[in-house]
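Every chain is named by a letter (A, B, C and D) in the order it is written, and numbering of its residues begins at 1.
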Amino acid sequence: MYNQTEIIKDTTNLGPEGELIINMGPQHPATHGVLHLVVTLNGETIKKIEPHLGYIHRSIEKMCESLTYRQFIYVTSRMDYLSSHINNLGCALLIEKGMQIEVPERAKYIRVILSELTRIASHELWLGAMAMDLGAFTPFFYTFREREMITEIMEETCGARLTMNYIVPGGLMYDIHPDFQKKVKAFIKQFKEKVTEFEDLVTNNIIFQSRTKGIGILSAEDAISFGCTGPVARASGVSCDIRKLYPYDVYDKVEFDEIIETAGDSFARYIVRVKEMNQSIRIIEQLIDCIPEGEFVGKTKNVLKLPKGEFYTRVETARGEFGVFIVSEGGTNPYRIKFRSPGFSNLSALNHMAAGSKIGDLMATMGTLDLVIPDIDR
Amino acid sequence: MFSLEGITTTTQNWLFAKFDPTIALAIECIIVIFLAITLFAGLGLVLVLMERKVAARIQIRLGPNRVGPGGMFQTVADTLKLIMKEGLTPDSADKFLFNLAPFIVMMVAMLLLAPIAFAKNFQIWDINIGVLYISAISSLSVIGILMAGWASNNKYSLLGAMRSGAQIVSYELSAGFAVLTIVVLTGSLQISEIIAAQQNGWWIFKGHIPAVIAFVIFIIAVTAETNRAPFDLAEAESELTAGFHTEYSGMKFALFFLAEYINIFIVCAIGATLFLGGWMPLHIGSWEAFNNIMDYIPSSVWFMGKTFFLIFVIMWFRWTFPRLRIDQLLNLEWKYLLPISLLNLLLVAVIAILGWHF
Amino acid sequence: MSNEEIKEIISSTLPSATYDETGEWLNVIIDSKDWKKIAAECRNGALQMDFLFCLTCVDWKTHLTMVYHLTSTKHRHNIVVKANLDHAMPEIETVCDIWRTAEFHEREVFEMFGVNFLNHPDLRKLILEDDFKGFPLRKDFEDPINMIKL
Amino acid sequence: MFLKEYISDVYTGVTSLLKGMRKTGYYFLHPKEIITEQYPDNRATLVLAERFKGEVVMPHDANNEHACTGCTACEIACPNGTIKVVTKFDITPEGKKKKAIDALVYHLELCTMCNLCVIACPSDAIKMVPTFEHSVFDRSKLTKILNKPASKIREGIE
């Protein structure tokens, strides 16, 4: 986000002490999107990382001010596109909380199952992309094979593969597909078989371990101070799983563990996400057979109007705590809306985590932060 | 039995009978140059396709399958595309070095072809210090890479080139030691003699465990020397976009690309020659019948088979492992490979002196 | 900790603070000048509000309101701190030395609302271009080129 | 002690690498695991989920009649202004004026496939269909008029 002259100055000149300044991104194979990092290097060692954002900023917050409460939900799919279902869920939960809409049990169960499937899909993609950042191309294809099963389930039930747009305030847009349960079970079976592959290929691999262990350390205090949430904070030993702390939908009815590691390094973040996938499978297994019969959408008014006041909900996306803050004036549109995106806070810790390490470590650290750029820029 | 030896001798006899010896030699040189360049182009096309197919199979996908039967002409199409592309030279680059670098890299790869025995008595130059020649020339390729990285005036390129320098200089050592073990066992630096010494069994079988260790070290070291994953730090895609050849395009890029694959072929050929007996068929002790059957397979097929097997192993590495970090790469060399190969050389020397090998 | 206890603690530091309990969480409305003091108290005092999970601003046309959502990872209580700012010259003390996450969030609010954070170490535009004019999230922002009127 | 650690380091390292190679080697030797779909060639057998939201269409029956009354519910429901309803007044045989659609303009390039318009439609005049090959060379070709020429509203739909 420099003007032209400054870009030229940046790439040809050196830093104040003769450091190398490289512009990593906005087009760079490891940034997975249009993230622009200005990295100050001393040889191979990183001195400072300065993120420059905004390449995919669409001002969703401003956009939502002119949309009705029914409409704005689907814009949030475009923020963290890998957990779009959970984003939608967060917005719907806020409206339901604000207007006291009763959600049928069936809808709650399905929402949670789909959230967990989304989480697995997101983590699978992350796993592949992370391995690719470290130079191992092959796991990417293996993870995508399982992810494809999830996207097919989504396609069949929700009608879309990535931005599902399946949630309406009060429930779901339509009922699940008759094959839904069968397919989910088939997926669980395949996933359990294939998850060992990643242990052989990635987790236990000596190169991978030496690339991630002790790299990008984030202490628990720093994690809290930087506002990190999700797997990033949990790998540092901070308990911050919204599903446990402030359960929504039917998360209070299922048993699962909040995965907490204490090392705070890249490997711990990796392990947290891998174990989280298994916990998600556990949640789905508990719910898939006992989806109650009944309505899939509750009774709502045609035109939704949030009462005057301020509302905040949070949900646990694949990347951490996603918060929706709405200031309502009582009309059909939100007066002011703020999305607290997990990636934005997690990114702010990047400089702290990666400064002093090598360029190769930056890839490991950035990879385990699991950055989704539209989520950061909004 | 089919042999390339017949063709070469007939040609030579004919040439020397027909022409003055100097002119005959010149004509032979031209033929050799022509053949070498043809081999280069052919190998480039085959190896790139092979890499893509191997990668595809490992990554549970089909790979190129649109151009020609089974995608056979994909690389031809790619080459055509690269030839048509504009060869950009950055404004602030050192133009002379920038344009020279790909040719240096290419020339080094070509020079290395000289002492390789492709089949029985089919060798360009059977120099009596063959192994030394290979070690000496192969370390030159770093100059081309450094030149490319420096002349591009790009920070990514510079970092990649510097990495490459550190990497090749250090891995030269253990590759050299691994080669030395075979030299110690054979007692000769000449390629043809090394192959002849494997008449009754390849060194990897005859040399006990030390030869196996040397072989493993050799494979690791040459993977690093050719800048292949998991040691592809010089072009570390996710870190330095494309490393030293970031600024290259068109045919100049293609030369780097080609040189990479030719280098792989050459180091694998050397590995096959030293450890797997080169063109020597698989002979097992006194099983005369078996040995005779093996002799019926042409020597060139043996050589190519072994070489391509080693190439496959190196490709297999690439599509399995993550990349190392620069300090880990140097750690691996100086803390693990070098001490082990030094000890190994000592062991081999003892074995060779006591005559414990078969 | 219950709302009453929180109120008591805050009032002991800042008697002028007013409270609003209509929402989900306790809202503490303070004067913008007192923010730094109350922030340090919230973070380091008995409240242990170590997690600033949302920092934003609301444009009320007549004035701006900074909204800080705070929680404690130890006690699990939440409060919302609000400070009204002048529309023409919005200024407030930075808290990025107390909660480091505030650094990025404040830079975002700075470019989107034009709030000047005093003593911020690196108050530059984070998302928008350096030469961008105007504050997009303010209600009076008009961009006839990029905003498509439907 | 140091030597023992050193050797076990090397051993575990090498075995972990070999395990990974076994996995990739397995896939190399088992071409049946290949999951590539050769998309343009498999068009004939390609089955898309019936719910797949590809684009909005307006179904017409054999008499070239649709069910759209021109109530603009879809236009109001749409978050992006994708749908524009242009109405006109028909003269019924009894001589009364009746509101009908002139054109239902649909901008596929703006559509986010949220399905709100389909839900909002009181007479089920529009629906989502699972087509997905929308690429064109000119963006203006993505602006479609959903009602067919000379089509009219089905009898009995108010």
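General observations
One rule holds for everything that comes next: contacts are C-beta pairs under 8 Å (C-beta built on N, C-alpha and C of every residue); 3 or more make two chains touch, one makes a residue touch a chain.
Because the structure is predicted, anything quoted here is derived from the model rather than measured.
The most central chain, judged by C-alpha centres against the centre of all protein C-alpha atoms, is A. Each chain's centre was taken as the mean of its CA atoms, and the one lying most distant from chain B is C.
If you average the Cα atoms of chain C and of chain D, the two centres end up 41 Å apart. The mean-CA centres of chain B and chain C are about 63 angstrom from one another, to the nearest whole unit.
In whole angstrom, the spacing between the mean C-alpha positions of chain A and chain B is 45.
We define each chain's centre as the mean of its Cα atoms; on that basis chain A and chain C are separated by 25 Å.
Listed for chain A are residues 138, 145, 201, 205, 207, each touching two or more other chains.
Multi-chain contact residues of chain D (touching two or more other chains): 17, 20, 23-24, 35.
Shown for chain B are the residues in touch with two or more other chains, namely 58-61, 319-321. The residues of chain D lying in touch with chain B in their complex are 10, 17, 20-21, 23-25, 27-28, 31, 33-36, 38. Residues of chain A that touch chain D in their complex: 67, 70-72, 74-75, 77-78, 138, 145, 148, 152, 155-160, 163, 165, 168, 173-174, 177, 197, 200-201, 204-207. By the touch criterion given at the top, residues 1-3, 6, 51-54, 57, 59, 61-62, 222, 224-227, 229, 238-240, 245, 309-312, 314, 321, 323, 325, 327, 335-336, 338, 340, 344-345, 347-349, 352, 377 of chain A touch chain C in their complex.
Of all the residues in chain D, the ones that touch chain A in their complex are 12-13, 16-17, 19-20, 22-24, 35, 48-49, 51-53, 77-79, 112-116, 119, 128. Chain B meets chain D in the complex at residues 54, 57-62, 65, 316-317, 319-321, 336, 340.
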